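Look at the two complexes coming up: chain A is in both, with chain B in one and chain C in the other.
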Partner chain A sequence: MKAVEKLSESIFDKLSIDFLRNQVLKNAYGNNDTVIAGLDPRILLVWYLFFGIVPWFVSDVTFLLGCFVLVAVTTLMAHVAGLILFLFGLGVFTQTGYLLIVTLLFGGDATAVAPLLVLTLKVATVSLASVTVFSGMDPDKLANGLMWYGCPERLSFSISYAYRMLPILMEEFQNILLSYRLRGNPPEHETLMGKIKYLIYQLKVIIHSFYPLMLNTAKRSRTTVEVLEIKGYRYAAINKDVKKIKLASLQVTNNDLLFLSLSFLWVAVTVLLSTLI
Partner chain B sequence: MNAIEINNLTYCYPGCERPTLKNITVSIEKGDFLAIVGNNGCGKSTFCKTLNGLIPQFISGDFQGSVVACGLDTQEADVGTLARKVGYVYQDFENQIIRPTVLDDASYACLNYAMPDYVQRGMTALEQCGLSGKKDDFIWQLSGGQAHLLALAGALALGPDVLILDEPIAQLDPRHADTIYDLLREFNEKHGKTIIVIEHHTEYIADYCKHVMLLRDGELAWVLPAHEALTRVDELQASSIFPPQATIAAHRMKKLGALDEKTPLPITVEEGAQVFKLRENAPGPAKTESRASLLEAASFHDVQVSYRSVKGEPHVVFKNLNLTINKGDKVALIGSNGAGKSTLMKMMVGLLKPQKGDVKLGGESIRDVKPEALSRRISMVYQNPEDMFIKDSIGGDIAYAMEVRKVEGSAARTDELLERFRLTELRERDGRLLSGGQMRRASLAIGVALNPGILLLDEPTANLDIATRKEIMRTLEDMKDITETAVIATHDMQLVCEWAERIIVLCGGEVVADGTRDEIFGNADVIKKVGIRSPEIFSLGQAIDKDALCYTIDEFLERFEGRTNA
Partner chain C sequence: MASNKMQQANQSQKLMIFVLTMALYGLATLFTELIPKFQVGIVEFSVEFFLFIPLTLAMLFDPMSAALGAATGELVFSEIMLGQFGGLGEIEKFVTVTIGVYVAGRLVADPKNRKLVGVAAFAGTALQLLLGTIVDILKVQFAIEDFEAVAGLPESVFFTEGFAFVNDLLFSGILFALLPTLFLVPRLHGKIEPLLGMAPRSEKISLGKLSAKAVLGCVIAFAVAIAAEFLAENGMAIIDWEADWAESGTAMAVAMLVAAIASVGVVLAMRTKGTKAAQKGV
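Here is the complex of A and B:
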């Protein structure tokens, strides 16, 4: 009952759209003064390539633990927004974590726990590495990094434009939900039955909001499309010079090299440890 | 040399039967400051979009004749080349901003056109627009006025010879409106840029523009010097354009025979002061009395409220707000953009809870009351009518709040409201597809559906042309007897003067003045501090006689007459 109550209260109140919007913005742009955000996106992408792929193919617990500690530290350094960390925790738990706990509760021994621990570690390491890279860097830097590696300009534009549109979409969504709040008549939610009804009501409202949301956003983006044309977005996509100018801002600094070598050193030590144990 | 030369332009949107622009031949001189006027749907925006090649290159359709902008034929030169010659600022400028940070957005177009000095160009444009201190800010930290300046900077960065602005001041408070026009004048005079504005506010045309072009149903009526254009009172009014109030007053005075036929009509306050004088037997200034009772409708007690911000400290809107609104009050809430007008309204309907202090409705705290439970007592109409449309027809929208509450006779009341707000024929239409005035009327009907005792209106006349605005003002006047207590947040001082019985001035999170219109507009300190632009007729009255308090042209005509030797 507690859970239902929590959930039913949360959609409108605790997890208000305003809060979500704030967290998304914070995540994208609010942490651009951290060490991680100052790194060169190309270096970070290489780094990510290692920590995003290698853990899947290694099952050595020491090595995985080492990697996990490292990415946990980088996540802290990136000042990732609370909501993202919460989602990360929830994600890992629903993937494998709950199996681990259940196994422990029902008397599973080391032979049962070990493989689950390994899997959980793998998932957690890879996710934290992604969190570090994709939410520690601001979207434009990420887009530039991807472009350097030859991703089409359209992809990198989409990334930064999506971040631009997201707050607008959420604002519209919030306004429509507010209209439902002001004019709607939700069921009483004192009893358990009421709470469940209230939850269903809220879900219905969210579904109904979709139609006005899309129409309002479409109406607003008519101007944006024309402006993109005027501001030469189409020219930039086919002009090699523009790409050069954009990428000229990328620069590998001592910090980048230090970051890479420290990560390398740390991995080397864990590999050494794992062969010793 | 001419900046724009148009020859026999006829244009028809794809799928339309009748052409939007008909047979237009005109040339606009380099260095002109031109205002384009005309009623809604007469093709003003369409005309401007032919100047930068968006029509016919991006928006197709049937295009005949020729448009040459800065020596480039718009049918041959590509949009990119034209964009560097002709800059465009949209009416809904917030959708024109594409990049997340200020400098980024200002230099974005230059980057796309591969200009190596793109950052410098963006920076220069920001400096010209007075935004250089904000260069690293995120665009959602900007106020409405600053966002408009950024949109202007983005167009300016490309170094265009011609700048087009579609209703630049429709959403701005008077102080920002003055800033924008002062800037435009500077670009025009110092940098020799040709400025073209679509503008309804004739008092700004009188102060700033050199020429006026009147479009009537897609045809060019005339292009005249501003002074001559604004004095063609009958022609302008036939196109639902209202000349400056000084001009209308003089025009009416001539008809009444109180002003010499030969006197040229004044278009500004200064000119007006030369033309009019106080009547000898003028009635003493009429005092405005408040009719409100002393019963409390809503009140704020030591309220503190702040918003989360993306970075750093939360933004405090109100620190310690105390305010009581009585039953029967007709309150106008005024103050610059961001003074907290919308925040105050959101607190009253329970959408926003203060961090400290208490908000009461009818003496009872609403801290623990859900907004749904308040909707019979208080209702709010948003600034953007689109956000009120949650159903796919306005009939459905008006009925919604009554139907979900199973109010008896809701169908009959819906019909009655549709009738009252002249929406009966439109009841099956989606609200978003209506015209500005219809949309606004529909949102008002939705707001009063539950017959609330208190009605809150956020900027009910923003973004409307003057004719539609007059219509909404009439509707608001009609509504006075439906709702007991009403609060309007607005920048529209004519609305304030004609409608409100009590005026509350917000500035920097505090109530700096509160009283009748005489007490507010008669108080020069407050007017100056908050940056209120009094209605022109009021300033004109004061310029002639310091004690005069005229809010409407009728009141003005009662007190003043023409000078015989003017």
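Here is the complex of A and C:
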């Protein structure tokens, strides 16, 4: 009995904020040396545009399977964190899998399976493509790529800001949460009633800890904006010369073109196969 | 002066509010995105556990900046940084969150009025969930070919979506929007505004009433969101319809050709842009 308790405790420990934080940080910062991360963001965005949109328009199973295999391979190349892949699987199931079960419950039969299978393949392909691009790429690079395509400056600023602030914010949130826990006196959670009380207590602590966090972040965001003002951010954001200097680091290399043409080759092969079958 | 009657935020203060809401709500949604959604039977709870953050801030500060900041924060922190970006479909989430938070923020004239704060928090959440439900139903209706022909599917979709809406509203509306907002707004009121160098919102210094223009803006934005969803998911209906009279192989080949031309065009544009920049540099 003791061992079981220990085991469940250690599993819950793994699912703590620390674990989540590590996974997120690994995902955002941990894979800058992969093939995908080395590619030009503009090329990857074009690539994503294809695999994010085209599968929705096609119902051919061969073609969809081909696309799915390709994006699965690129996802592997991007070394995506395990938790993200788990969430992806769960997301695909909750989007279409449960519909299948409900349809069967309401008196549908096997004819409902085929369109749902196609829908599942589409959802899976599109989300894996986005996992590859947005998880495999360094957020700073992504922000530059988006800016090159003329996205609002606000968006690329937000991405760069989030990339830098995230570790600090997470640590601060955790510290506040821990200090509340240290001072608090959690209710007994042996019985069912106690467990419910414990859950409510935990939620209360989280909500309460947002009070100091909001005040702290307000101070910090004022500092951030004032520093940005000193550097003339609002003028720089609309100045063409500044943008040019910022984007000068983007370069398309042979690797990018190779990546594009290989993807293209694979798609062409699947199209050929789907017309033959 | 008449302008003194309004709670005015200058450009940099608006940016501060934007950054504040973005950072806080982004952080919170990051955690909710990582916690697997829990399901009871067939109903999936898509509870916005932390919607109280932008709601609170929208009631205290400029609602538009807070609403945009919340939507951007969710997009950037939880979707892009985790690589869960859903493409055009994200526009729907962006718009519904913006509308819900903005309306809730505009409803509150005086943050000291607790009843009003509660009603506004509940209404904002309800609006956001309702818009999401409408889009979801339309999405499934059009995404699956022969929606009506598949036995049992229409009823099941209406049933699950309706049930999920009521559930989410009772659950997140009361537990995660109403109570935390009622707790946070009176506490933060008068304390957090000076940190950004602003006067607290009160009966005298308020944003006028919710104007017809703002309502119209919300309606248009929602229409855009639905259109984006349709573009993202249902453009295929057009292609399928065309495929009836064209050979599916040729239709596919044409689609391939268009895609190839588009990508080649972009590559060419990139090259010319690069050479132009190089020439200017010399």
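Definition applied: the second predicted complex is superposed on the first by the 242 of 277 C-alpha atoms of A that agree within 3 Å, B and C clash if a C-alpha of one lies under 4 Å from a C-alpha of the other, contacts with A are read in each partner's own complex, and residues count from 1 in each chain.
Quick note on the criterion: a residue touches a chain if its C-beta (ideal position, glycine included) is under 8 Å from a C-beta of that chain, and two chains touch if they have at least 3 such contacts.
Not measured: the values here are computed from a predicted model.
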Following superposition onto chain A, is the placement of chain B relative to chain C best described as a clash or a fit? fit
In the superposed arrangement, which partner chain does A:E229 touch: chain B (first), chain C (second), both, or neither? both
By residue count, which of the two partners contacts chain A more extensively, chain B or chain C? C
Quick one: is A:P167 in contact with chain B, with chain C, with both, or with neither? Answer first, second, both or neither. first
In the overlay, answer first, second, both or neither for which of chain B and chain C A:S179 touches. first
For A:L119, select first, second, both or neither according to whether it touches chain B, chain C, the two together, or no partner. second
Figure out whether A:S209 sits in contact with chain B (first) or chain C (second), or with both, or with neither. first
Going by the contact rule set out at the top, does A:D241 touch chain B (first), chain C (second), both, or neither? first
Kindly classify A:V252 by the partners it touches after superposition: chain B alone (first), chain C alone (second), both, or neither? second
Name the contact category of A:K26: first (chain B only), second (chain C only), both, or neither. first
Please work out whether A:D140 is in contact with chain B alone, chain C alone, both, or neither, and reply first, second, both or neither. first
Chain B and chain C, closest CA-CA distance after overlay, in Å? 6
Would you mind listing the overlap between the chain B footprint and the chain C footprint on chain A? 28, 139, 161, 163, 208, 211, 215, 219-222, 224, 226, 228-229, 234
Chain B to chain A touching residues, read off their complex: 52, 54, 58-59, 79-80, 83, 88, 90, 92, 95-96, 98-100, 104, 108-109, 111-114, 116, 118, 138, 140, 154, 308, 310-311, 349, 351, 371-372, 375, 379-380, 382, 384, 386-390, 392, 400-401, 404-405, 430, 432, 446, 449-450
Per the touch rule above, chain A residues touching chain B in the complex are 18-19, 22, 25-26, 28-30, 139-140, 160-161, 163-164, 167, 172, 175-176, 178-186, 208-209, 211-212, 215-216, 219-224, 226-236, 239, 241-242, 245-246
Residue positions on chain A within touch of chain C in the complex are 17, 20, 23-24, 27-28, 42, 46, 50, 52-54, 56-60, 63, 80, 83-84, 86-88, 90-91, 94, 98-99, 101-109, 111-112, 115-116, 119, 126-127, 130-136, 139, 142, 154-155, 158-159, 161-163, 165-166, 169-170, 173, 203, 207-208, 210-211, 213-215, 217-222, 224-226, 228-229, 234, 244, 252, 257, 260, 264, 267-268, 271, 274-275
Complex contacts: residues of chain C adjacent to chain A: 11-12, 15-20, 22-24, 26-27, 30-31, 33-34, 36-37, 39, 42, 44, 52-53, 56-57, 72-73, 76-77, 79-88, 140, 143-146, 150-153, 155-157, 159-160, 175, 179-180, 183-184, 187-188, 191-192, 195-197, 232-236, 239-240, 248-249, 252-253, 255-256, 259-260, 263, 266-267, 270, 274, 277
